[in-house]
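Going in written order, the chains are labelled A, B, C and D, and every chain counts its residues from 1.
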Amino acid sequence: MKRIGMLTSGGDCQALNAAMRGVVKTLYASGEEVEIYGFLDGYRGLIYSKFRMLTGKDFSGILTKGGTMLGTSRTPFKTINDPDENGLNKVEAMKQNYYKLQLDCLVILGGNGTHKTANLLREQGLNIVTLPKTIDNDLWGTDMTFGFQSAVNIATDAIDCIHTTAASHGRVFIVEVMGHKVGWLTLNAGMAGGADIILLPEIPYDIDKVIEKIEERDKRGSRFTIIAVAEGAISKEDAALSKKEYKKKMEKYPYPSVSYEVAAAIQKKTGREVRVTVPGHMQRGGSPCPYDRVFASRLGAEAGRLILEGQYGFMVGYKNREIVKVPLEDVAGKLKMVEPGATIVQEAKLLGISFGD
Amino acid sequence: MKRIGMLTSGGDCQALNAAMRGVVKTLYASGEEVEIYGFLDGYRGLIYSKFRMLTGKDFSGILTKGGTMLGTSRTPFKTINDPDENGLNKVEAMKQNYYKLQLDCLVILGGNGTHKTANLLREQGLNIVTLPKTIDNDLWGTDMTFGFQSAVNIATDAIDCIHTTAASHGRVFIVEVMGHKVGWLTLNAGMAGGADIILLPEIPYDIDKVIEKIEERDKRGSRFTIIAVAEGAISKEDAALSKKEYKKKMEKYPYPSVSYEVAAAIQKKTGREVRVTVPGHMQRGGSPCPYDRVFASRLGAEAGRLILEGQYGFMVGYKNREIVKVPLEDVAGKLKMVEPGATIVQEAKLLGISFGD
Amino acid sequence: MKRIGMLTSGGDCQALNAAMRGVVKTLYASGEEVEIYGFLDGYRGLIYSKFRMLTGKDFSGILTKGGTMLGTSRTPFKTINDPDENGLNKVEAMKQNYYKLQLDCLVILGGNGTHKTANLLREQGLNIVTLPKTIDNDLWGTDMTFGFQSAVNIATDAIDCIHTTAASHGRVFIVEVMGHKVGWLTLNAGMAGGADIILLPEIPYDIDKVIEKIEERDKRGSRFTIIAVAEGAISKEDAALSKKEYKKKMEKYPYPSVSYEVAAAIQKKTGREVRVTVPGHMQRGGSPCPYDRVFASRLGAEAGRLILEGQYGFMVGYKNREIVKVPLEDVAGKLKMVEPGATIVQEAKLLGISFGD
Amino acid sequence: MKRIGMLTSGGDCQALNAAMRGVVKTLYASGEEVEIYGFLDGYRGLIYSKFRMLTGKDFSGILTKGGTMLGTSRTPFKTINDPDENGLNKVEAMKQNYYKLQLDCLVILGGNGTHKTANLLREQGLNIVTLPKTIDNDLWGTDMTFGFQSAVNIATDAIDCIHTTAASHGRVFIVEVMGHKVGWLTLNAGMAGGADIILLPEIPYDIDKVIEKIEERDKRGSRFTIIAVAEGAISKEDAALSKKEYKKKMEKYPYPSVSYEVAAAIQKKTGREVRVTVPGHMQRGGSPCPYDRVFASRLGAEAGRLILEGQYGFMVGYKNREIVKVPLEDVAGKLKMVEPGATIVQEAKLLGISFGD
């Protein structure tokens, strides 16, 4: 008999349900008796002992469903050790609930922040297996995270739509793509959508280089320019500031986001009409794409296998086309970023894409 | 021998190419010799005599392509009689170019603004046939405009995506839908996407009624609420202002758009987390949906038929499932709005949707 | 207190769930107490008293789901009066179950066959309200049925996909489209997909005219031809046969379907490579398109309103953009077909499409 | 100055245009003068010297377009050395045309058959660079081919659509997936679509095991079963036959394809209603998915880089997330198949999928 707790934490994404289905199908198929405790709304459910008992029926038909059947929330790692408003020690509460329910293992699906807390729980002696979820694809220790490819599809759809309207009106169009401080999503959607300029957090941009590219296109007879801007993109000037200086500057930042800053600069310097589109949370939603469904199912199956074998303390990752197990202490607190000199960036440049650098 | 000028004006939308293809295929198939002059970038092309001669080959493969192969621009009707910066009389210039090229007819694809200018040219003695293009579906004299259904699809996709993420996080989500001062697009996308609240320009909202609905859902155990807000939605207070008062208020308007105003009000009054998504120009772009392709092709074919019969001065419209010709003087300057008591609004209310009224 | 039975019968299609949700939301919103009995697998559930009590929760989240939550089956009208294998009188059984459950009304969602049985039950004194469901759009008394536009989308997608491969290989491609003996689906998908030839049941084809069109395209430099063939398409020779002769001929029919017959004839007479694609049951499946979601919801809401008002014996239909109630006796046993001289057919011909006639 | 020939050969697929665009953009961006000769309809264009000079404009807007702008054909490798019907030695003709046009290199996009001929031309002294194109993903020397992921998407869409109709009717449904003699496409689409049974060429099936799974599902209350069958699937009996015996058996094979054989067997042994859907050539068509667009663009860019460096005789492949160059002699004549014991197959089994073995 195995008692398994499960929770999804952080921003939601596609294929969370598919991954959980993978874990549970594998456990059930093993023949061993299994009880699944689904904690609601991320770590909050574990802290306050809010859960649902899940059965096979709960996992039927959810392979293709976006979102997470368990709900999720962002529980900031920084304050995880602080007591809550009623004085409750949250880490202690999670441990107590884990032991009270006599869990054999806790399966945690999440991204960077989630993994820090997962590793903390592991250090506290809990049996943990994690699955790499994020549209940002920035988790260290795995080549790929689920949600990423689905988000690339939605962001690319946005650029595709904008393409026809940009061409019709002869405008500069900016599409702002998610990804926090990391550029994978923007880089891939930008290349897939045929963006002319791509601005990434990892490659600070020079607005004059951006304008140069627009004008070069103009001379060649291309009436419009598409710019894919990562929500975390940053100018060379801002990247050169100290943290303190930057924070101070941001206090009076007049734009809703960096895309509007880029748009304003282009408009000011060239007089062109620039439009900004922000697909935003759409990028986390909708049915997972086939790639993510297969990928999340495979990771889930391998997580199930680890649990059956009693191997704990790992994230199930993907390296060189093999499913691998990565020690949690190696994952927590690291980011996988786009190297400015990476092959894919070089190739994008060969294709004529400017990074404004 | 027929000499036909063609132009697309105003904001672009889906199926403009399909409609033009319909006109031209019909003219060619008639056996009559035809010359097609495609004016570039809307009325501007006619004013400054910028055009391309178009042949059958130009219309091959464009049925499924978004945007407009001729380019478009917004040439404000209000100033159409004013001379341009070089003193050129724009109306006179259009007439001269029309006669210089010995055109038999000018085919104009556009929405409300476009039709005012089209009617002006008709009054000046030019032969005009128009086609009703707009994602807003607000043109008087036709039950439907092409572009509308494609835009409904994109806006609904946005709500579908947001649905999974709203449900996962238990949040209030606002999706801002296009449509200028008219609510058709928001009403249809909202109903298709299962929005709980729909705010339209034609039905001013009371923010307390909006909040009431959110809290009623809460009590029933629905953790999230989706609100579809038309970009032209307006509160009861603002709707009660005089034009002058409203204009004054708008001068200091602190929000990027009405959705953010609604979001701020909900956040302030309830403490809830509200997120706003603005698919924006995506709604005009991408491949036309099958409905629009068929519809625009049919309208185009009928426009071709009118031209062959020498019937000018009409918009080709759609009434009670019949293609009809509507005199341009009847179309120009009118808007087709959502009646607050319309059957579809009543039905939406039967389905439990709140309009905040 | 209202006791409502509900069932879906015949081939499934998109938006059945959306329509049922519309009925139920309206009934619940009325404030009246309501009990919903969902009969399983069409009339079979009513005959054998297999049902589920449905509550509001069952209707949450189903607006976008394809298929029918109640299951369906084809119960042939012709044998509805025959006793089943155990001697049970099926009509009598349905009546008894209706009265045993003290139903106020039975809501039936279905197409042609379904409506014959529905009308029979009405004649037997049961209170019936029906909703027009079919991808074929062949129901008499309504301009539109739900499922149709979603099926058009899928069939058009198929033609779109085939387009690129046909163009690359310079082949003749046939896409077989559903619709039974009626051509609406093929006509609309064919026009939307840019088919060069469309073969409909209502317009018997002459294979030599089909080949003529292919060769005409060839001469004009078009390397490929796309033919949309309705599954019920028929040649002029076959259409001229008596029912008996035709039946006899069909007994030795060597093809899986008419598309393969057309393909074989073209191949034989011209030596060209012809490929056939049959999307088949895909056309009934998947999430309903936004048009169908809105349309089915509206019809459902109006059905709910009729029930609340105690108006029975009607199909809720759609005429000239108004929701209407159509007496069941007028609907049953009639088909709405494509008139060979209909405006839309004329327009398709103006666009250069051949019907092989 | 570089003179580059380019051709696409074999069955078409998605992202061929994207890959060619990648090559050409890279060559142009290098600053070197370049002439691009696009041979039409595969090797045929090279044999009969049919080509178009291509310029930058030809490659604008084709990133998202399916098919191949150059056309393609299947020129069987087996007979490549045989003279054509006019006595022309085809290999010699290709060489002569290559030298006559003073080509520096020939870029060939194709799958298995194509690579055999490409290697032959290399052996004859021509400078060759190839790109791995096929929806089958069966090319040796690369982890991935472009077209594959787009085809997975379409096949999965088909299964998704079938899912709702299968569930509504309680039927067994077979979806036949492409892939020739290799199971990658079926395996991935089957897992993504939530198929219950997957039959692959590499894992011969036992029909009794297939039926066992259907009945097991039945007992658990699942009213329907979805089977993804590769077009090259084979039963254990047939796999045990000698080539000669198998060929003889196939001469009298009564089914259009293996799916119908499986359907007939299930129907016969269980009396169940089984339906077959064959999306067929749809799987090669339509716009490439974002994954394929990025992947093909990257491969194209690297091919451009090899050409600029004068490195010939390679296929540009993808290994362990790195772009690699693979000697043509290593690629030609080999297949990359699904290992019956591969991790992904094990994982599919953990998820409860039966392979009928």
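Note that in this section a contact is a pair of C-beta atoms (placed from the backbone, for glycine too) under 8 Å apart; a residue touches a chain by one contact, two chains touch by 3 or more.
Just so we're clear, the structure is a prediction, and the values are computed from it rather than from any experiment.
Steps from chain A to chain C, minimised over paths through touching chains, total 2. Looking at the partners of chain B and chain C together, they share no chain.
Centroids built from CA atoms put chain D at 31 Å from chain A.
Rounded to whole angstrom, the centroid-to-centroid distance between chain C and chain D, based on C-alpha atoms, equals 35 Å.
Separating the CA-averaged centres of chain B and chain D is a span of 42 Å. In chain A, the residues touching two or more other chains are 160.
Pairs of chains meeting the touch criterion are A-B, A-D, B-C, C-D.
Across the interface of their complex, chain C is touched by residues 22, 25-26, 28-29, 63-64, 143, 149, 152-153, 156, 160, 188-189, 191-194, 289-291, 293-294, 297-298, 300-302, 304-305, 320-323, 343-344, 347-348, 350-352 of chain B. Touching chain A in their complex are the following residues of chain B: 8, 11-12, 14, 16, 41, 65-68, 71-73, 154, 157-158, 160-165, 167-170, 173, 223, 256, 275-286.
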